[in-house]
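First comes the structure, then the notes that go with it.
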């Protein structure tokens, strides 16, 4: 076999790998867009944006010195490198297996909902059959937070355990809100199919306009679930050093830090599809470019804007007390979520549904 | 008119006023400053503050004015000054005699300025410089010759001199030091690292 | 009462052997706290509720009282400043006043106004610092940055006045060390107007923010009698309805002639303590305006007691008037006798309302060039006791709220 | 607060007179001081005098301090008190003090009377080694046990500071440029 043939065979295998594994929609969605790669890119941008936005409000510049011309944009890359090469300290009292596995499991499970969402209306590019995709995505989104509690328990540290307990309180509170507000579109449209939901919003009436209470509820639930301000309670540094992440260092700490943002990203994509019209003004055309990349880009941009708004809240709010957040969740937001569900039913009954 | 106590009340708000007006007020203010930031950060090595005369900075000795009274060394709270005896030629009497002169240890100096204020002949004065660099702690103990020289101001080599001027709307506004003299009232922010 | 452990070594807080109740979880907040300086609060938690709180202080203790016994009278002024450098004039003023009582001198009118002016500038700076640290305890980083940024305005004013940003060493026995520069009045008025309008914004984004209100309201409530029993001081006591301010009950320096209010809140919770500081800043701004007006109207004379100034040579007046180009302007020279000052024997006490509350100095002299005994009681030190008695019963997340609302300052309470 | 001073005197002298009258059972003496009123009672009457002062309206302690008179082998323990709730008394500072023996320093604790004295008595305990009998929680506050054993504020503990010598030879200064 001469070199040319060998090269051809290898390139065929490579192409096969590329075509059938990377471009196999579930894998592609999990790894590239809107999964790991897109999420990481957005997270890096978002942490930078969060710091810059807060700095603008707060009479200062934020990250700047590393590259004054771009406003310090490479700062996060530098931070990432630092986390990567930092020494990884695992306390001898920690439960080694759980200590190492939990952050990674959390990262992976945070991205799992991405396998269940469509990025386009063309069935060729769907990762899974879309019949019950909303239900599947919602179900998958609830898996990750348990690993924060595992991390806290495995750290064997008082502050971690306290943080973990807080996290578990909050998980129980926000999950119901998020699930009910997401599912409140179901009675309106009589479908669990995310593609149908987005297609309905092609008419220009986003479901967020039809049911703003559900949108607001979901927005707050996402903030709660990803400990964003004003609900940055589990890792409240003033009394619990870093909450569940106290004992973590190096790369795993970086994963933990990004983990919350990635969870927020997954929820933002879901929120964009359900309430903010997905790829809405755009109608996916033929071909992979117009049929997949353009609509997915629109979704990514919309979800990024949602995340930017969430990040901006850091500059305006402090943090609630744990019991206040819980009472807000159980006494205000959950009734509101039921109300939103009722609004959807009423709208369907009175014929807003097409 | 002496002071008088005055009972104040924490402003009360209704539930709706608190939930809606409070949130909207906070958010609009945040957005306002997001689009119109009021920055006061000094980008230090690229800019430095040109201090006014009167700032209690580094201290310089005027050798000829010193009358060796040792008040400065005696009043120094940090024991940063010492009197060293040197042989100098007295011009009036035209003979060599032993006199005492102060030297300073900047490891210890707290820049309280008492030595300058207590000097009966004004032989010590403050230079409005603050950020000097020494290579080691031993260099920070100046001998008699070094104490008489004005320190070399290293920041001015690459930095832009700025001053902060008071402003009613923005508190402190950073202006180029040379411009602040020229255009009073007309205040423009110096270009920082990033331009809006 | 625990006399000491079995080995004869007295117990250290946090390191003692003591039976712990079941279902109690001990957490040590500190000693290196992310939001504050060096302090430790040993908290026993029952669930999320604090049942026993033991403030453990002393991590930055320097024994100021002992150090003062080995230093000349004037050298103690820069020493005592180190307790709270951001409140430097207030914290040294009672010492200077006590020594002036022993020396039987009283500063001239202009010096009194200058002292009151710097005291109020310091009070605003100190309150802004307190507001900022409190905000960061609540996770509100914007007010933290704003308060520190706006504090810079007043630090700049103090720098214009005294030549140093923080450790001014401004009041000395018999007077002050500088007079106001020529452009000071207009700068001060600008700063005052700026701060007034900023305080409204503070209220908007911070104190009226529903999130922050919820954290502060009805947390750490101290009733009037409880406050008197605990002996907490300053803005914290006034937020509980106690009409006590040294400027009110025993006016010192120029305060008898200035027209201002002492704001008093009756709620006694953390929100009242936060508002108290805002209201006090407003009053301090009024005082600054009045003091600046007075200083501008009156001739530049009488900044040092005649005992020290009447024999001053011409050079001293030249320095004051700015006739010597390198020497600056409006500097008040000190007579060489300051370096070797001997204070007549006697005992004196003085108190002053500093930013965080009442500062008390007891000064005893036996006629030597060093004090025989100096007793300093700082406001933060007197507030520490409140943590022990107010915090239990609250949730763990209320600890930063209560702690921050008292405007603690570890170097000050440790001395 | 029950039973305050009914007619609050306007000047310190009048207050001093009325206080001496009120405390006359406890053998009070007055020392000349500036800025406050110093009332010295024997140590056995300290608690009773404190209770009486509290009844008169002095409701909190500003300072608990001690002075070491090493020549007289005595400690003077001082409680500077004033009033929060009685606004007319606020303008006066009164010191209730007592002399105790330096050899075996014991002083009755006034924490039961004035709760605000608690931490300051702990401080005086560690700084002077004065034991406050009846204090509910007499532990170290600021110092470590090693340092507290030295009783740092007593006059026989001398801080080793460098010499006050401000003069030096130029040659000596040049050869070892360190101080």
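By written order: A, B, C and D. Residues from 1 in each chain.
In this section, a residue touches a chain if its C-beta (ideal position, glycine included) is under 8 Å from a C-beta of that chain, and two chains touch if they have at least 3 such contacts.
Keep in mind that this is a model prediction, so the values were computed, not measured.
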Next item on the list: Enter the minimum step count from chain A to chain D; a value of 1 means the two chains touch.
Entry: 2
Next item on the list: Looking only at C-beta pairs in contact, point me to the busier pair out of C-D and B-C.
Entry: B-C
Item checked: CA centroid of chain C to CA centroid of chain D, Å -> 22
Item checked: Whole-Å gap separating chain B and chain C, where each centre is the average of the chain's CA atoms -> 22
Margin query: Distance between chain A and chain B based on Cα centroids, please, to the nearest Å.
Written below: 49
Next item on the list: Go ahead and note the Å separation of the Cα centroids belonging to chain B and chain D.
Entry: 40
Item checked: Contacts with two or more other chains, residues of chain C listed in rising order -> 142, 149, 205, 209, 243
Check: Listing for chain B: what residues touch at least two other chains?
Finding: 26, 29-30, 40, 74
Note to self: Under the stated touch criterion, can you name all the chain pairs that qualify?
What the structure shows: A-B, A-C, B-C, B-D, C-D
Check: Touching chain B in the complex: which residues of chain C?
Finding: 71-72, 74-79, 142, 149-150, 152-153, 156, 159-160, 162-164, 167, 169, 177-178, 181, 186-187, 190-191, 193-194, 197-198, 201, 204-206, 208-210, 213, 243, 245, 247-248, 251, 255-267, 271-272, 275, 279, 313, 315, 319, 324, 326-329, 331-336, 338-340
Check: In their shared complex, at which residues does chain A touch chain C?
Finding: 54, 57-60, 158-159, 162, 229-230, 232-233, 236-239, 241, 314-324
Check: Which residues of chain B touch chain C in the complex?
Finding: 1-11, 13, 18-19, 22-23, 25-26, 29-30, 40, 52-56, 69, 71, 74-78, 110-114, 117-122, 125-126, 164, 166-172
Next item on the list: Sort out for me which residues of chain B touch chain D in the complex.
Entry: 70, 73-74, 79, 81-86, 100, 103, 105, 138, 141, 143-144
Checklist line | Interface residues, chain D side, partner chain C - complex | finding: 1, 31-36, 38, 59-63, 65, 67-68, 78, 80, 84-85, 87, 90-91, 93, 95, 114-116, 118-120, 126-127, 134-145, 148-149, 152-153, 157, 159, 161
